[in-house]
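Think of it as A, B, C and D in the order they're written, each chain with its own count starting at 1.
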Amino acid sequence: VVDPSQLGDILARIHRDLAPLTAKGKPATYIPELAKVDPSRFGIAVALIDGTVHTVGDAAEPFSIQSISKIFGLTLALGRVGEGLWARVGREPSGSRFNSIVQLEQEHGRPRNPFINAGAIVVTDVIAEGHEPRETLGELVTFVRFLSGAADIVIDSAVAASEKSTGHANFALAHFLKAHGNLTGAPERVLGVYFHQCALAMSCAQLARAGLFLASAGRNPVTRYTIVSPLRARRINALMMSCGLYDASGDFAFRVGLPAKSGVGGGILAIVPGVGTIAVWSPGLDATGSSLVGTLALEQLAAAMNWSVFSG
Amino acid sequence: VVDPSQLGDILARIHRDLAPLTAKGKPATYIPELAKVDPSRFGIAVALIDGTVHTVGDAAEPFSIQSISKIFGLTLALGRVGEGLWARVGREPSGSRFNSIVQLEQEHGRPRNPFINAGAIVVTDVIAEGHEPRETLGELVTFVRFLSGAADIVIDSAVAASEKSTGHANFALAHFLKAHGNLTGAPERVLGVYFHQCALAMSCAQLARAGLFLASAGRNPVTRYTIVSPLRARRINALMMSCGLYDASGDFAFRVGLPAKSGVGGGILAIVPGVGTIAVWSPGLDATGSSLVGTLALEQLAAAMNWSVFSG
Amino acid sequence: VVDPSQLGDILARIHRDLAPLTAKGKPATYIPELAKVDPSRFGIAVALIDGTVHTVGDAAEPFSIQSISKIFGLTLALGRVGEGLWARVGREPSGSRFNSIVQLEQEHGRPRNPFINAGAIVVTDVIAEGHEPRETLGELVTFVRFLSGAADIVIDSAVAASEKSTGHANFALAHFLKAHGNLTGAPERVLGVYFHQCALAMSCAQLARAGLFLASAGRNPVTRYTIVSPLRARRINALMMSCGLYDASGDFAFRVGLPAKSGVGGGILAIVPGVGTIAVWSPGLDATGSSLVGTLALEQLAAAMNWSVFSG
Amino acid sequence: VVDPSQLGDILARIHRDLAPLTAKGKPATYIPELAKVDPSRFGIAVALIDGTVHTVGDAAEPFSIQSISKIFGLTLALGRVGEGLWARVGREPSGSRFNSIVQLEQEHGRPRNPFINAGAIVVTDVIAEGHEPRETLGELVTFVRFLSGAADIVIDSAVAASEKSTGHANFALAHFLKAHGNLTGAPERVLGVYFHQCALAMSCAQLARAGLFLASAGRNPVTRYTIVSPLRARRINALMMSCGLYDASGDFAFRVGLPAKSGVGGGILAIVPGVGTIAVWSPGLDATGSSLVGTLALEQLAAAMNWSVFSG
């Protein structure tokens, strides 16, 4: 493993080299509010388990974390129902697009994993059950603030509204889950929570800090609070490795070698077990729906620091 | 990480606890020769990068490594054509059975990854091209002998013949690949090599040693020979993590957290990057076609030694 | 072709022979209101193009025609947009269940044909566009009254409400169509019309009369009104033959040999081109979702009268 | 129905109008021998049940009937094993390409119908069982000679050889069937018969005569020999209607309205129950693999003569 003192230089070099490529990706357009974001924004934050945070570029600017929020939703749901969650959601990569409904029909309404949309909707159903939507969202915001130590994290309600107005594919998934008996709440109610969860706005620095418990056996190394057991942290990392980038997860493991979760807002959060976390943001997406420059930045950073979990 | 001096005790305990469960798995019956193996056989070997090998049970008895051989075939093929291999084979988990032909049609003859049967047949085609079958098989045997330091490793020709006589699903795959222009050799010729490759007979101890280069940045830590570059070792590990247990890879990552490759003969080879390798053998399979007791043994050993790549 | 004077005797015999089998089918239970219907009800009506109607059993009792209404919706939609309809809906059998969403994803939101649920929802969208739901339903009721000469046909609003409360699979389809840009109206609005259309209550005698224009080159042979052109009548019959019984259409063509459309309420309307129509009703369904006894009755009647379109 | 005396004029007009379009289709290229055929050839033959045959264009020139031969194979197989055949082959349209293997896997080796390649290979297996290939082929040639009254019909062995050398997709299907226990003979042996059956060379006039029994309740109206029962003739027609043009069967029913079977050599045989048969030949194919001009000719002829089975 490379000496962390070189991290600053390496981050600066990667940012300088890749910034010109931000124009090559295509920002998501299906959520109108996301399409307004400046595609040249590009930030990286690395949080190490010693508590230090190293940043470059637009690492302090909040962006829509979208599907990265599924990590936090999953953590809360596991806290609520434990391993019983797996009766309703699988743990296998889907081999399909994030919003595919094909497998859901073939597998009778049990989503392949908690990171494809259908699975994340079931996870949201779990944390929303028995609560008013605003209570659930309050709990979620409190949780990410607690994890990241940032009291100003909020949900961008314009993004949530934008998503709701065009979210017919997700409505289809929710009704399909309901038809198969795998949704407790009413579809529009569960999706209301889901769309707001996805609209969480966080900066790279905040995200990197929020994910640190996964790099540190379930305990926030800064606050010393235990978030989850070491076993659960390990398992969440495993799910991110297998399924975090949808049908590009295998390729990402091959190229980067770290557990990670991407969002259609252009963010990616990656975990380096025992070392720290990396959060990147660049709105332009590649053909698989993950940040084009963000993926390249993670690939270069992991290689430069020799941070792959697969290294000997 | 747990002190390696405890390894012997831990192995003994796991073997004692799990031996009664060997009756629960079902040995493969579709290859008649494999169905003859005593289902109560059970061995474990751990090879550490310090060169020591720790064993328990039937760890010295050769068994049919079957699909575990795909690791060695892949290593040779990458040595021959480099990253160009990926033009013909993908790097994504398939989400389907090991011998599924559905995706192959939908994706126009490009197998999802090199570990499902279709992908491994393409890999075999690469190493067989321009050579007589016996030359290719000679190269393969020489390679695994070199990796494991065991001069007596041979191909069990009764198993190879048994497989050929019932291998219609693989013939279907090979002809399908040929129909899509993704097979250079004649199907029966490539499959001849493939069936013999799968019929390699190795013991747990030999397998564990043979895989050590993947735990050690591509270099055999005992002989000091470099087998592949650190980058390639990392990538092969990543592929094993994503795709090594077919449509149970996600679950295996969740439970065990190590790159691994299973074979229908009941063996599994797992890699602990930077630490060593584990080879287990128990012929009874679970519903997904991997060793039932072998998987449990790996799960317990990885947990006891805290060997998951996802640990902080 | 058999002498029509024998029709009465043949109908009586078939009814007598099959009545004991009504207990073998299973009434639909997913629409609660339909589950209340007495499963022993069984009626047959034959309308000949000479204007005579021959009945046996419960042929005068209204039942929920459900998907049989798709014939009338399709006729109205073709009247409104003509052959342009086929830009939005295909004309091929789907080979899948009536409510499958798999093909809809694979074929980017264009339903395979107008008789599977997804296709019928698009057809409803066509006739509903630019109108208030009650106007569209008024037009539909007026149309079937006009076709059948029965002024008392109504929509059973209890059935419509029952369907709405459990129709999550249809909501999934409608939102999916919307997500793919193949639905003009709001999903809940189009489905409101769709559920009410399916809740039309008609008797066998009324249904048989209403379908007569399809047996008579597009013209009602009783009233002499032209409903559609001969070409269009022929084509609607072709679609019923290919797709009218979902994934059992091929088997129905094989056994009965007549264009037909079934409904989950247990009704089936079959067309004998140049001769007349047959409407049967028996609530118990077979595994494919069509009336079990109704299918047998049609098979026996078509054989006895030599009414297959495939006879020489 | 239009007066048959006009048939000659109508045929001449259709041939004249459509001949310029023969350049628009694309002859099959995957069987090298077929690619050599002059794409401007175009013939039509109509055989009426009164024994007259009306022709235009290249109606006397033999061409490779390819999949049209599946009608004759099916008739022989039903004669041998009766309705028991349906235990091994379904009766539903597949909704997929003629050589798709996807459904075969999903449905565990039971082909959807006897006209897709997989189904026809099972049918060939039935007629080949217990015989030497040359005996089976001898029986087949004798049968089509008997049906058409043409003693000079032969198998084009250059075409059969050409097909064998490139028939990997069919080898894949046959091995897949074998793997699922739905093939009695060895794949290469059954395919040997299958490729030769497909290589039958017949003219439009011969084909039209050979199919007459299907238009005439199972009895050859010229020779008065009964080939099959009226019920079986009706059922074979139903299968042709549902499945004869693969995944374009619904569209063909919609446009033409007659039971028909196409071949990749550019021929199509259509049945007009009670009236006669039509054989067309034009080598250029449309996107679905059926003769482009042949389909248009059938559509125009059926419309001009009002020959749809769906007409009132």
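The criterion applied here is as follows: contacts are C-beta pairs under 8 Å (C-beta built on N, C-alpha and C of every residue); 3 or more make two chains touch, one makes a residue touch a chain.
This structure is a prediction, so every number in the text was calculated from the model and none was measured.
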Partner chains that chain B and chain D have in common: none
Most distant chain from chain A, judged by the mean position of its C-alpha atoms: D
Separation of mean Cα positions, chain D and chain C [Å, integer]: 32
Rounded Å distance between chain A and chain D, as computed from the means of their C-alpha atoms: 55
Chain A-chain C separation of Cα centroids, rounded to whole Å: 48
Chain B: positions in contact with at least two other chains: none
Pairwise touch network: line, ring, star, complete, or other: ring
Listing of all chain pairs that touch each other, if any do: A-B, A-C, B-D, C-D
Complex contact set, residues of chain D against chain C: 49, 90-96, 103, 112-113, 214-218, 230-231, 233-235, 237-239, 241-243, 247-251, 253-254, 257, 259, 273-274, 303, 308-312
Chain D - residues contacting chain B, complex: 100-102, 105-106, 168-169, 171-176, 178-179, 187
